[in-house]
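Report on one structure; see the data block that follows.
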Amino acid sequence: MEVKNLRVKSMNHVTFNDNEYLEQYVEELKKGGVNVAIGCLDDCINWGRSHSVWPLTFATACCGIEFMCVGAARTDFARFGWEVTRNSPRQSDVVFVAGTIVNKMAPVLKRLYDQMAEPKYVIAMGGCAISGGPFKNSYNVVKGVNEIIPVDVYVPGCPPRPNAVLYGMLQMERKIKLEGFFKLPKKPAITPEEKVWAERLAKEEEARKAAKGIK
Amino acid sequence: MKKYFTDIFSGIWNLLKGMKITGKVLVSPAVTECYPEKRDELQPKERFRAELTMPHNENNEHKCTACGICAMNCPNQTITVNKSKITDENGKSKIVLDQYLYDLGSCIFCGLCSRVCPQGAIEFTNNFEHAVYTRSKLIKQLNKPGSKKVEVAKPVAPAAKPASAPAQQEKEAAPKQENENNQ
Amino acid sequence: MEFITANNIIFALLSVIVLGCGLLSVLTEKLMHAAFYLFLTLVGVAGLYLQMSYDFLAAAQLSVYAGGILMLFIFAIVLVHRIGENSEHVRMGKKARAGFAALCGIAVVLCTMFLFGNFSEDPSTDQFTETVNMELIGCTLLGTGKHQYLLPFEATGILLLACIIGALVIANKEKEDKE
Amino acid sequence: MIPVQFYLVISTLLFFIGVFGFIARKNLIGLLMSIELILNAVNINFVAFNRYLFPNQLEGYVYSLFVIVVAAAETAVAIAIIMNVYRRMGSETVKSINELKN
Amino acid sequence: MSLELIDGINKIHTLLTDNIEATWVSLIEYVLVGLGFLTLYALIALFLIIFERKICAYFQCRLGPNRVGPWGIFQVIADMVKILTKEIIPLKHNDKLLYYAAPFIVIMGSLLTFGGLQFAEGVYGVDFNVGVFYLLAVSSISIIGVMLAGWSSNNKYSLIGAMRSGAQVISFELSACLSMMAIVILGGSMNLSALMAAQEDAWFIFQSPFTWVALVIYLIAAHAETNRGPFDLPEAESELTAGYHVEYSGITFGFFYVAEYCNLFINAAIGTLVFLGGWQALHIPGCEGFNAVMDAIPSYIWMFGKTLVLIFLSLWVRWTFPRLRIDQLLHLEWKIMLPFSLANILLMAIWVIYFK
Amino acid sequence: MEDIKKLLAKVAPGKEVAEGTQYPTIELEPNEVRAVAKKLKEAGFDYLINLTGVDYTDALGTVYHISSSTNKTAVVVLKTKTADREEPVLYTVSDIWKSADLYEREVYDFFGIRFIDHPDMRRIFLRGDWKGFPFRKDYNEVNDTPTTNVNIDSLETLPSITLDKEGKIIEKSKQLFGNNEYVVNFGPQHPATHGVLHLRVSLDGEIVKKVDPNFGYIHRGIEKMCESLTYPQILPYTERLDYLSGSINRHAFCMCVEKAAGIEVPQRAQYIRCIFDELTRVASHLLGWGCMAMDMGAITAFIYGMRDREKIMDIFEENAGGRLMPAYSIIGGLTKDVVPNFQQTVSDFVAYMRESIKEYHTLFTGNPIATGRMHNVGWLTKETAVALGTTGPTGRASGWSNDVRKLAPYAAYDKVKFNEVLRNTDTCKGDSFDRYIIRLDEVLESLNIIEQLNDNLPTDGVNVKVPAIVKLPEGEYYQRAESARGDFGVYIKSDGNKNPYRVKFRSPCMTLISALDPLCKGEKIADLITIGASLDYVIPCADR
Amino acid sequence: MSSYEIFVIVFIMALVMVLGGSVIGLLLSPKSENAQKGEQYESGIPTRGTSWMQFKVGYYLIAILFLMFDVEAVLLFPWAVIMKGLGAEGLYAVSFFLVVLILGLAYAWRKGALEWK
């Protein structure tokens, strides 16, 4: 499927951010050659999967409250078929990392993620989950959950308003629709930018450590 | 014995009353706002802080002097101001803004930066649709390529809105008085 | 070909379930598995009753055995038995002896049956499609005449009462023990 | 139709499977389950004979009904006792009953 | 329609018997009937899932699924596709045999009950002599599956959930049984067809005041047996995260999910058949014109309509009340519903003797 | 003030009461603390507000803020310190004031001070394998993100120390749970622990035998971060402590700084701040109500609560520019004036909310299932409440009048008439139902306050000019405020720089969580959830 | 089609459904392996000890009571069917039976077996 042909009800292609990523993703998929029958089956399955993404209840902090709002009457993510929040990782498809992840929580999150059934996705919601956010200088906070688990969509905000979360969910929907289901699972592709980012992070970290040492 | 029966009946009565409430809601219209369908009507209130922007006027000019006060005041180094010293034709050296980098992914929308900016060069808009697949895309360069600082002395008229935020069109009057209130 | 009627196939299937699961149930070392196989056996037996068109009996079998007694077993096993722990390691010798005894018994009974049994006038020609009517069962249970069982019926009531009391007494004893 | 012998064979086999379990099992609950098997075997017998010999009287039928009832009663009390044994001895094998006696 | 359906079936039957050997005919027919059942079963589950989601959303002043297909009706299909393609996790410490057998037992129990229902005039799989009792008996099988599921997962939440579920379902089964007995007294038969015939002129709820008591008791008990709120202790989301099926993933979880919804239907359908006249139209004695109009409505619409009403009631209850605690639950069953249903049986017997 | 000084002279003879401080303060040697504490307790000072650890660079010490449940406005401060930085030990007061239990564990975790005879000296927030004590000024350890779960057994043994006759330290340890106990983990990822609390619950069938709350899954180190931030920069962090009463926390911090720096805030700002506080309280109670209903299985009620809460969020968004985190108060006033139709919106909301509350009562309060689950479950007597320091609605439901808005009025609270909502102590002793109903009553009371403030909004400005860099004079400052969960306190120790030397937030939630174990003992699993919901704690507030 | 055949068909259909579903699921779904996947889920924390439950008398008391009443119901159904025909006589016949059982319930109630301990 082409990125441009991707249908998302009531939103058109250009209103979305970061289409480049999807294009690159499709390119990569195409490299392997697409079997028509499989491609069709892929589309069917992906249609189903993209409209039935059950989140794991995982809220650690303030973003969790906004996440509750997403589920409440005003925004109602049930409209997208996402409403069945499962408490058991076995039955859920996506983790909304809503809130700060600290060192003590990191292994728990990792364990939960590991225990989820494939295919599984991660949405980092809020500054804390993306980069440590407000607490990125803290001694105990994980600087972005992608240090522990692969993240599919980043929803910035502190906390993001419910509609922003919906927007993130639509992004997720688009991504799932493009995937080659029979080529799953594979590690999320690490783009060059991501690498740069990681290096930058490492540098920051070193600088911080050095600064502490001097004191 | 009497209590046993009254308990049962009052219990049932109260349960029915509860069901009446939900039944009433069942027939009244839903309060759900359909976000992507009614996207245009559902812009947040104008004061809502969702993204830091640097307004540019029609000549692609902004007001930032690259003083770095905002970056200094930011609690978690969300803003990076890269500046360079240049000598202009008059031989005077001055500092110009190279890159104004803003990390949407770690901003906490405290509004401190825009409050402390002596030039009023940055302000918040309420465009909240930022979700991306790559984290590095969240780092935004706020000054547009090729832009430079306006030469007019302050205070300046409010600059034109960047084209990327169409929702901002109706919001014109607000910034002026806001600037006055800034401490 | 005349053997391969749906009826016979089903009978074969049911007997395989009954005997196979019965056997597994005594052979398996895990108690919960034994209960599970026992469950299948009971369902199979209910199937046999059904095949004979004794549907009330089949339903009673399901309701009391599969729904009630087995639940009790499962509760008991959950409460006194750990998962993953094999129930017992019966010595081979004991098993062999038991097996021998059982085989002997089977041999004796079957021999008796087929040597002395008189199956010449095969009564199986009856078609059992007509079911026992419920009124008949009711009258049999509640009547006082010959071949009617009101007295045992009432006695069952007392038996059940005795059971309730007995079980409660034992349970209360436990509480006292605890205190 | 299925000749009556078949039922008898099944019932015999099931009966002795139960007997085997009764002898071979150490665990009290296991024992009880074997008893259930035996009772079921008997029931099959009752029912089959009733069906084949006196389809219009319900002797065997009612008997098996009562057997089911009694089985329920027996299990209930037996399990209550097993629980008690378990609480005292911390195990539910035949041996613990013997120990209980002493 | 139902009669045409039977006609059609007969035609197929003759067509087949004319051409193929009898054994094969019956085999083919078995397969067809089986598949028919399965399809109906699955369709009902799918329909109920979306029905509940929508209704629940309206109770909560939300919209519910509305983006997949018109009014979101394809939502469940998406769910089904998703759940089918989800990984089945190989657990480490579970009891494999029972773990995989448990969904089978649950589905079996619910399908067996399903097979004993009547869907319209003359449309049923089997017409047992002991119809009502059969339904009660086979529906008690599912709980064994639930217990095994909880135990074999080797997880503390699931074990506690299973134990609760066991205690709850067996308790409420009693009341369901006894309330049904009241109807059997009134109708004088356990056979569903006979009960239907007895309701031709007036549904049972219009025949005796005690039927109402029985109906209420039955509805509560049936609701409790489906393990749905306010009786969802076994899967109490906020206590045990997901209860007895906490370790099940993918389609194995899907089975529990489907069975839950089908049980919802089955229980409502039994309630309809036994209390509300099943597929019988609403008749008012002496009001011929009205009766004729009612008769014009096909029987399957009556059946499903009434069932939906009962389902809606149960959803209403579910989405209004908080969950009971286990002692409240037992109090409700053993100290309120059981005495009431025992008394109800006696009263019904007296009623039948003196007023019928 | 005077009689407290007299009292202090009596309980601690020979100790001078420091001059020029906000509260009467005395400094004690470590070994005197217990004796003085005991005497103070006997004199009626039975409520330990706060216990703060401080690193004085040359010494490590603790600061105790103590108040009384009878003489409510009285606050005294004790201080003690030890110069030993290698093996610092102090004496526990956890047997005198029960709430000190967790506070002392916290001090141990942050500063490494061990308390003699404290029964449970495990780390509280940080992982058992954490290196170093982060709040010490010389802390420079590096801790990597761990990827494996902590060996849970490190939570099983409770280390403690005691003194033998010669005064030598003896290490002891105790087992928390028996080997055969059935211990179930509730949380950190659990729908009913309101975030990431980790409860280890020992069960006997359905009955709860013991609850061991395990904190720290959201310990973000805010207090330590504050030490390197300027005062305006700290403000956004206060909102993220207890995000459900964010505005109130922010208000409290602003007040603390303003008082210390001598900044006079205009009346209009004070009024608006109070309106926002009360709106926050209403929003928080609505969420609390909804969550309680949801935890008890009534999901619909939760959605109704959230529906009405959205109206408050709208007001916040329109005026302050944030929903959950309004970020409205700043040092010296407010960021902006309210929008012109503010008053109208608020009074509409008040009217709407009053109707809604009635609906809530019919829907949930009257429900026999709900009442059956809440009545007689989780008794919290007034004495226990005071001892544990469970303030706020929880304490008031037990009949302990502790509303800071009443006993130390701040901002505009002395200008409005309102009642402190207390549950009648004769008929109820503080069970879950009391804690439930008091929240709805408080909402009504808050609506009254809002109405009064809203009708009399002054028209002077909303902020005053403050210096670009706020510096507080050297000293210690403490400010209490009534957050939605109770007595919120800000402790600032300043050394005159633009950054505070030490900041401590008195979290009302930590003490609430400490009430879980005594309340849940002997109740059922379902009650554990109900009690937890009725206490209405917010974990990030406790973990900070 | 006679009754038990449906019984068997449905049995087989249940098998088909479960097996078919599982096979499709196993074939289609992507798999991944990691050390923690097969471990028990307990809110993300490794479980402590076995998940075996402590002995609890309440559950089996309920089960026993249920069993007794279930048996009673089974015996009462034939009576219920012919109740109409028997008239008052039938009522007397079972009333003894019923009273005995109600006594049982009353006894259990008095003994507190119906409370949850």
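Letters are used for the chains, namely A, B, C, D, E, F and G, taken in the order the chains are written, and counting of residues starts over at 1 for each.
By definition in this document, a contact is a pair of C-beta atoms (placed from the backbone, for glycine too) under 8 Å apart; a residue touches a chain by one contact, two chains touch by 3 or more.
This structure is a prediction, so every number in the text was calculated from the model and none was measured.
Chains making contact with subunit E as well as with subunit F: A, B, G. Interface comparison, C-D against C-G: more C-beta pairs in contact at C-D. Averaged C-alpha coordinates put the centre of subunit B at 76 Å from the centre of subunit D.
One finds 20 Å separating the Cα centroids of subunit D and subunit G.
For the pair subunit F and subunit G, the distance between mean C-alpha positions equals 47 Å.
Rounded to whole angstrom, the centroid-to-centroid distance between subunit E and subunit G, based on C-alpha atoms, equals 15 Å.
Along subunit A, residues 9, 45, 72-74, 76, 79, 87-88, 90, 108, 110-112, 115, 117-119, 134-135, 137, 158, 161, 181 each make contact with two or more other chains. Within subunit E, residues 30, 57, 59-63, 66, 85-89, 93, 128, 130, 133, 154, 156-157, 159-160, 163, 166, 170, 173, 189-190, 237, 241, 246-247, 250, 319-321, 326-327 each touch two or more of the remaining chains.
Residues of subunit D in contact with two or more other chains: 65, 68-69, 72-73, 75-76, 79-80, 83, 86-87.
Pairwise chain contacts present here: A-B, A-E, A-F, A-G, B-E, B-F, C-D, C-E, C-G, D-G, E-F, E-G, F-G [touch as defined].
Those residues of subunit G whose C-beta lies close enough to touch subunit D in the complex are 55, 57, 60, 64, 67-68, 70-71, 74-75.
Residues 23, 26-27, 30, 93, 95, 97-98, 101, 105, 128-130, 133-134, 136-138, 140-141, 143-144, 147-148, 151-152, 154, 159, 162-163, 166, 170, 173, 189-191 of subunit E touch subunit C in their complex.
Residues 42-49, 53-54, 56, 58-59, 116-117 of subunit G are the ones that touch subunit F when the two sit in their complex. By the touch criterion given at the top, residues 229-230, 232-237, 240, 300, 304, 307, 310, 314, 317-323, 325, 327, 330, 332, 335-337, 339, 359, 362-364, 366-369, 462-463, 465-466, 468 of subunit F touch subunit B in their complex. By the touch criterion given at the top, residues 55, 57-63, 66, 316-317, 319-321, 336 of subunit E touch subunit B in their complex.
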